[in-house]
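See structure below.
In this document, chain identifiers A, B, C, D and E correspond to the written order of the chains, with residue numbering beginning at 1 in each.
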Amino acid sequence: MIQVIVHTGHDGAISKIPIEELSGVIHEQGTTVWVNVVNPTPEEVARVGEKFHFHPLALEDVQRPDQRPKIDPYDGYQFIIFYGMTSANGDAVAHQVAIFVGENYMVTFCDGKLGVVVETAERWRANVASMDNHGIGFLLYSLLDSLVDGYFPVLDDIAERAENLEEAIIVQGQPALQAQILELRRDLLMIRRVAGPERDVMNVLVRRDPPLFGSKEIIYFQDVYDHLLRITDTVDIYRDMLSSVLDANLSMISYTLNVVVKRLTSSSIILMSMGLIAGIYGMNFVYMPELEWRYGYPFALALMAVVAVNEFAVFRHIDWL
Amino acid sequence: MIQVIVHTGHDGAISKIPIEELSGVIHEQGTTVWVNVVNPTPEEVARVGEKFHFHPLALEDVQRPDQRPKIDPYDGYQFIIFYGMTSANGDAVAHQVAIFVGENYMVTFCDGKLGVVVETAERWRANVASMDNHGIGFLLYSLLDSLVDGYFPVLDDIAERAENLEEAIIVQGQPALQAQILELRRDLLMIRRVAGPERDVMNVLVRRDPPLFGSKEIIYFQDVYDHLLRITDTVDIYRDMLSSVLDANLSMISYTLNVVVKRLTSSSIILMSMGLIAGIYGMNFVYMPELEWRYGYPFALALMAVVAVNEFAVFRHIDWL
Amino acid sequence: MIQVIVHTGHDGAISKIPIEELSGVIHEQGTTVWVNVVNPTPEEVARVGEKFHFHPLALEDVQRPDQRPKIDPYDGYQFIIFYGMTSANGDAVAHQVAIFVGENYMVTFCDGKLGVVVETAERWRANVASMDNHGIGFLLYSLLDSLVDGYFPVLDDIAERAENLEEAIIVQGQPALQAQILELRRDLLMIRRVAGPERDVMNVLVRRDPPLFGSKEIIYFQDVYDHLLRITDTVDIYRDMLSSVLDANLSMISYTLNVVVKRLTSSSIILMSMGLIAGIYGMNFVYMPELEWRYGYPFALALMAVVAVNEFAVFRHIDWL
Amino acid sequence: MIQVIVHTGHDGAISKIPIEELSGVIHEQGTTVWVNVVNPTPEEVARVGEKFHFHPLALEDVQRPDQRPKIDPYDGYQFIIFYGMTSANGDAVAHQVAIFVGENYMVTFCDGKLGVVVETAERWRANVASMDNHGIGFLLYSLLDSLVDGYFPVLDDIAERAENLEEAIIVQGQPALQAQILELRRDLLMIRRVAGPERDVMNVLVRRDPPLFGSKEIIYFQDVYDHLLRITDTVDIYRDMLSSVLDANLSMISYTLNVVVKRLTSSSIILMSMGLIAGIYGMNFVYMPELEWRYGYPFALALMAVVAVNEFAVFRHIDWL
Amino acid sequence: MIQVIVHTGHDGAISKIPIEELSGVIHEQGTTVWVNVVNPTPEEVARVGEKFHFHPLALEDVQRPDQRPKIDPYDGYQFIIFYGMTSANGDAVAHQVAIFVGENYMVTFCDGKLGVVVETAERWRANVASMDNHGIGFLLYSLLDSLVDGYFPVLDDIAERAENLEEAIIVQGQPALQAQILELRRDLLMIRRVAGPERDVMNVLVRRDPPLFGSKEIIYFQDVYDHLLRITDTVDIYRDMLSSVLDANLSMISYTLNVVVKRLTSSSIILMSMGLIAGIYGMNFVYMPELEWRYGYPFALALMAVVAVNEFAVFRHIDWL
């Protein structure tokens, strides 16, 4: 689905036009155009690419998923790969957004599941007339900022899962959670893998010499850059914490084993001691005076009890029971 | 709560004035102004921001907690995010301070729980008349220095907790301390996360070309920079020690298990050997000469004792008991 | 086997000629030559080297396997070591390709098992007449791109093996897989070792100042560079995941031990308790009233059952059975 | 204690003078002065600082222990923090030395326990007249070189302790050594923490542009720089080895546990098998033919022996005993 | 032992002369001199040093073993520390070589155990007359190349030991190999420690601006540089593999413990169950019908067998036996 939003500079009018009429307006003075292609089919990519004379390599990248975030300079426009993020059933998913930024136009290709691009386009359409800054740089900023802002709820979600896991692991030593830890770790790696190169993209937008945009826009890009720094910092901290938790978990399990082994083998030693006494009075010697005592049986039981209580006391004393 | 301290250059007078009267004095030659907003409400932020024409992005950052320490250059002023630290119940807490530094004014927004900002402002008010250096650079230094100096007691506190933990773990192998280790680690990560980017901020203040302040001030900023280096060094060392302690802890626990297993199963083997003898003399064979011996019973008991003592000696010899 | 493909600029004709006739055509205006030597023998290397006056050090490198990917500038040509990859029985194998790139010629030496070089040569021969770009830079790009594209199926293969392993380890804690993990890790290290320096090679092709090729070609090299970045990113993520899986595996095994120890020693304690009762009623005291009870025997069995059931309940309650 | 050594250039005379007379000689042409303050009191620091007009920030640093090694440029002099090292009871201790280096003077503040500073001063006093190089750069070199040379015996000491530990751990698996490992690790961290920034200090002395000293001196500073590189290399290697040793230790302990468990439970199984036979012949069935055999008892004992020997053989065969 | 080889440019004659006659020929046009001192005594070092006016610091370094590889620029010559390697009893040993390179001379000091230096000198003497390149740069290359080529057999040796260890550890879980692993690791660390700084030395030779040698020589140094890169890559990979192997080893040992514990305690539970039955029929109750059954005894044995077989089946089913 191709969506074309045109903001004409001379009268400030906003209009949605079919892609075919684009050629007529794009070269007018002060016009800004956002072409947004949702769930692009190969035909749509080819059609839009042809209209703007995009490089075949860039168009290839548009259609291949799982590209690395990057900014490639082409003749007359920049090609940017960026990612939006959604959280489905507590699992973070990254959606690739391909962006072409020219003098007075921006062309985006995005996944329909990533609502944020369409929302940003709608918001721009609604507000552009009343905004101070109609430039393409600010438009790009609006999009990137919306995309990056979408990472924070995903991170919060991860934070919650991490804390639950930590709680469960430290308090209960549950290993059934190993699969969940690995999943969490995979999500963190995924965000790291996306946010790291995106930081480099923003760095180019902020520091490229000569600058790609004016200094007024650069302040805004700097802001997105700061957010990405914060995101990568946070991800690194979660990864660090997670591996501490895993280490603690292993110590915990080993310690629990110690406790269990102490407790159970102490118990079995007590039982064996009592069993030994029973065994002794079960011997068939002809001359065993205790056997004929009137209170031999209670005496034997008492002996067992005394031994058991003593051993119990000793084990408790050395903290084994 | 908005606090406005004005130091007028021509007569050296210090005065506290309401924010409304600020416009009258700020453009006078030689005047230095510190506006400190404690626990800023959105309205106060807007009001102060309007007075100084601060950029909306910066004002947004003021109100969002958990920003990354940074220094952003704006037209006519620098915007700095820094952190103060307090220690509550042995748990380190970081408080964001937002600082705008212009030609002759400094505006700060801080949390009321962080007493150090108000204290620094009061100290400056009391002493500025008698100081050599009335410049805004020195004022900024005073604030940053006070903030960073506040990290050392927190670090000392962490050092003490780390040593106690190490003591407890190495000597006693207590795993109940795992939660405390993780908390300590989280505190260290938090300080690292704050002090690392702050180092970059100081680096900009010291080395930015062209310099933001005169060379006289830069010596002071260099001093704060050195303190931050020392803090990050220290944090890294504690983290390294902590992970060594965890490793040692795991070895310790495993070793203890070895000792316990040796000791308990040795004991059970002794008991089983004695039980076997009892079992043998409990057999019901018609022809068992020992059973009819006069001293068969004492003989059996003695046999048990001999076996037990021998096994004990062997186990002790090979260091298993 | 030496293969010589000549594309003469003036008439666009493509021809395969024997190496001896090369000298006649190579200096013609607009001619592009690709000499591809498959499974080079020392004699062939010497013969081709002599024809083009290649440096002895480079020719030595051609014949030594296991060179590090690199680009060395020589007088009048560049010498590149690159790698293609094939996957044999689920095991990744890297094949060295030596490339000399001059003004209007490219000479390649490759292993016959690496079909992709010959395929690329054939494709070029078939299509060059109809291509826009006849330059040597584009020819080099075609080759490097084909080589790097060959890494992705190998990576996919590794991904599948990694997931199977993870599944097997997390779900079943199988240690027999350790050998497979190590093999997977070795493959990942191998790809990392090849792709890392290749990235540096591409970086030289893209950023060397003065540039080695025109800006039109650089866009293409940038594309290969991006692919290599993606490959190294992916390899790093797999390595990270793999080590997480190993850690999880260790925790898993330790936890399983805990469970087993709890279960088995709990069982043995129940058995010992029952055995103790049997032992008691096996004692030979003259005065043991229970022995003469009419239902003494069932009573004893019932006692055993009661003890066993109680202990079972206790162990189940504390989650040890 | 303040020590003042003056070398007057015009007659080469060396003299020790009280600090009060310093002002008279310091501005003479060709004079070199070394003021060494041992165990500086606050009053002495203030007095010397005043004489040379040192910056208050630097003087503060002189009195604070535990500063990070650094070189700070001040107007007319350099301020250097460096460390000497001593080894007390096999425990490395670092002593801070504060150094001010001006045009023709060097002022040092040091701990009295660090004999090397006074020794270097005395050696300089004794030899300066006969030396080629009277410059302050060479004087600084003498001091830094002596300080750094003092690290090597400390490192040798650590090497010996590390080897003893490794021996003890690998051969004997002693965990009581954990405390010693941690101490060793702490010493290594301490040296790393001191030597790393000192390397940066030397780097400034060697490479600062414009250079702080002449090229003749720089060769000497380069030498100290090389020593520090060697020290940090060595420390890194010991740390790496130490962590390998710890890992090996853990494997060792786990393996020992395997051996112990195999051996002890094998033994208990043998005992239980024999006990079972005794138990069977202790049953009270009326019709048990073996019980009435003439050699039933020896038969039962022989049966036990056969079972025990067989089990022993099996366990030995599978390497469990 | 001092060896002096002189190649006089005007007649191409090669001669070995005593060190005393060196002064006569060294300043002749086109003469190249290699002075090689094997197992240098302090007197020889002093004598050669005096002849060439080497700096005392460099001469000190010549005599101190265990220097870090480096290249130090002195006035009129370069001073290089490099290492050769030999493999004694499967243990890698590094031998320091000190090299002075001037305009038309090279002076080397080496250990007699390192045959490669003398061999290179002899080869040069034999071939120099027929070589194209008589320059000192090419001479230095010949030496460094020979030294670095000597690392590869050592690495191959290490590779073989590593593979044997891996085989032994993965297949057999032998911990007696821990000492060998540590030794291997120490060898790898040693090579890393030598090859890393040597890479920096080669980097200086290749990239120093202004260049130390002509572009013809730089191609050769680049080759040595590539070899060192390959060596450090390889060492890093072995270290990585080794630590994977250690991790796998630990998992293996833990898993084996699981298996052993399951098997042995399963067995003991079976024995205890049988023993319980024996214990029951060993009780002395007056009314126990089974005791008087004609086939009570076989019944009891059969009962034991049934219980044992059932338990065995259960344990086998859950994979514990």
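In the analysis below, a contact is a pair of C-beta atoms (placed from the backbone, for glycine too) under 8 Å apart; a residue touches a chain by one contact, two chains touch by 3 or more.
These numbers come from a predicted model, not from an experiment.
Chains that count as touching both chain D and chain E, per the definition above, do not exist in this structure.
Taking the mean of the C-alpha atoms as each chain's centre, chain A and chain E sit 41 Å apart.
Averaging C-alpha coordinates per chain places the centre of chain A 25 Å away from that of chain C. Residue positions of chain B touching 2 or more other chains: 250, 254, 257, 261, 265, 268, 272, 275, 279, 282-284, 288.
Listing the chains around the ring, anchored at chain B and oriented toward chain D, produces B, D, E, C, A. Across the interface of their complex, chain A is touched by residues 55, 57, 61, 66-68, 70, 72, 74, 173, 175, 178-179, 181-182, 185-186, 189, 193, 197, 243, 246, 249-250, 253-254, 256-257, 260-261, 264-265, 267-268, 271-272, 274-275, 278-279, 281-284, 288, 290-297, 300-301, 304 of chain B. Contacts from chain A toward chain B in the complex involve residues 166, 170, 219-220, 222-223, 226, 229-230, 233, 237, 240-241, 244-245, 247-248, 250-252, 254-258, 261-262, 265-266, 268-269, 272-273, 275-276, 279-280, 282-288, 320.
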